[in-house]
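For reference, chains read A, B and C in written order, and residue numbers begin at 1 within each chain.
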Amino acid sequence: MTMTAGELRELRADIEDFHSAYCAMLDEGHLDQWPDHFTEDAIYRVTSRENFDAGLPAGLVYAEGRTMLRDRAYAIGNTQMFAPRTVLHYVANVRVLGAEGGCVVARANYLLLQTLIEGPTTLHQAGCYHDVFVRRAGRLLLRERQCVYDTALVANDLVYPV
Amino acid sequence: MTMTAGELRELRADIEDFHSAYCAMLDEGHLDQWPDHFTEDAIYRVTSRENFDAGLPAGLVYAEGRTMLRDRAYAIGNTQMFAPRTVLHYVANVRVLGAEGGCVVARANYLLLQTLIEGPTTLHQAGCYHDVFVRRAGRLLLRERQCVYDTALVANDLVYPV
Amino acid sequence: MTMTAGELRELRADIEDFHSAYCAMLDEGHLDQWPDHFTEDAIYRVTSRENFDAGLPAGLVYAEGRTMLRDRAYAIGNTQMFAPRTVLHYVANVRVLGAEGGCVVARANYLLLQTLIEGPTTLHQAGCYHDVFVRRAGRLLLRERQCVYDTALVANDLVYPV
């Protein structure tokens, strides 16, 4: 990585802005805009830390390509199984691990809170984003997002994106 | 918004500094300093996401003007109903939505943890700040803060500022 | 503090990078690298807000000097009492309080989540870092870290660093 300290700070700030916009989009329920944050050939995966550490391909959620993300977003938005709830995402500890060949490898810890209608707010999922970003027309896009969660007991109704 | 990328980064950093100082003030119990973070004619409101989305004016807490905030701060600090507790605020995902005519519109997710004496720490309120800032003598002040919370079951003893 | 606004922003960004790297090291279980984040004569303490406010020296954990931290890291990594768990640290609200004579006084709120194998993720400790940083060979190191926690019911198995 041959960036100056100042360039690195700017890159981290850009990634933080990406996370904030991405999370707001999900928190506000604009699921249809979710695939737009990924490249055409992106990989999106939600998996446990145990699986991740063991190098296992399996995961709770796996999608390859923006088309699969679009199908997924449509399904979530139109299924009766999706009980009314609101979500809030919190991102912290953003780290840039490397930037080479137009790709930026980054990590961040995330916290996903969920509130069912008439229920309390609960800690729904806590984990670490393993991201690979690329820039398209000046804008950051995810080429890969692996959401590696610690929470062992993930409700099987988890369809909502992280 | 006609700001450069660098100016926007600086503005976000300033807002983050505001949040950190504001939260520390509350976390450390300096309630008397709370109104000083608002303009003389500020609006402060705590309301549910449901109410907010429906455009309803009602809310858990509503205050108009720094004088009302002062009364409120005094009442909280001097009431016997206020059980001993400590609070911790966490702010994440700060977004600048616009800056025009001297006003800055911004959002951020907040998490309010509460610990009752001899009790565990609980997630007391999770939500999104809908803020309007202005600058007075170089310092950011809130002209409007709407704390839009997801948490449906807010204890009715919630008098402490968010 | 005779720093410019720009220098202060850079210093805060550096401290945020420190926190992110420090937390990732702990979250990923590289306990052997933990002492490297402190100066040779560092003080590390974990104590309740009640104790801290009362000026009491006692605390849940107290270590003086990098050697004690090394012993501690070794003990934690090699004890059978340490039930399998994963941790996630979240740092927010970083504040630089002062920078003089080569020392930087800073605060930040932290959230420590813990997941026992086959169990849910729980809020394990919430508190405020009271830090003193120094720079050695361009790198920030902790000369003092006091983790002042609100959580009253800390499990007595808390040996893992904060």
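As a convention for this text, contacts are C-beta pairs under 8 Å (C-beta built on N, C-alpha and C of every residue); 3 or more make two chains touch, one makes a residue touch a chain.
This structure is a prediction, so every number in the text was calculated from the model and none was measured.
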Partner chains that chain A and chain C have in common: B
Angle of the C-alpha superposing rotation, chain A to chain B, to the nearest 5 degrees: 120
Whole-Å separation of chain centres (CA-atom averages), chain B against chain C: 27
Sites on chain C at which at least two other chains make contact: 90, 92, 111, 123
Residue ranges of chain A in contact with chain B within the complex: 10, 13, 17, 19-21, 23-24, 27, 86, 88-92, 111, 113, 115, 117-123
Complex contact set, residues of chain A against chain C: 5, 9, 12, 49, 90, 92-95, 107, 109, 111, 123, 126-128, 150-153
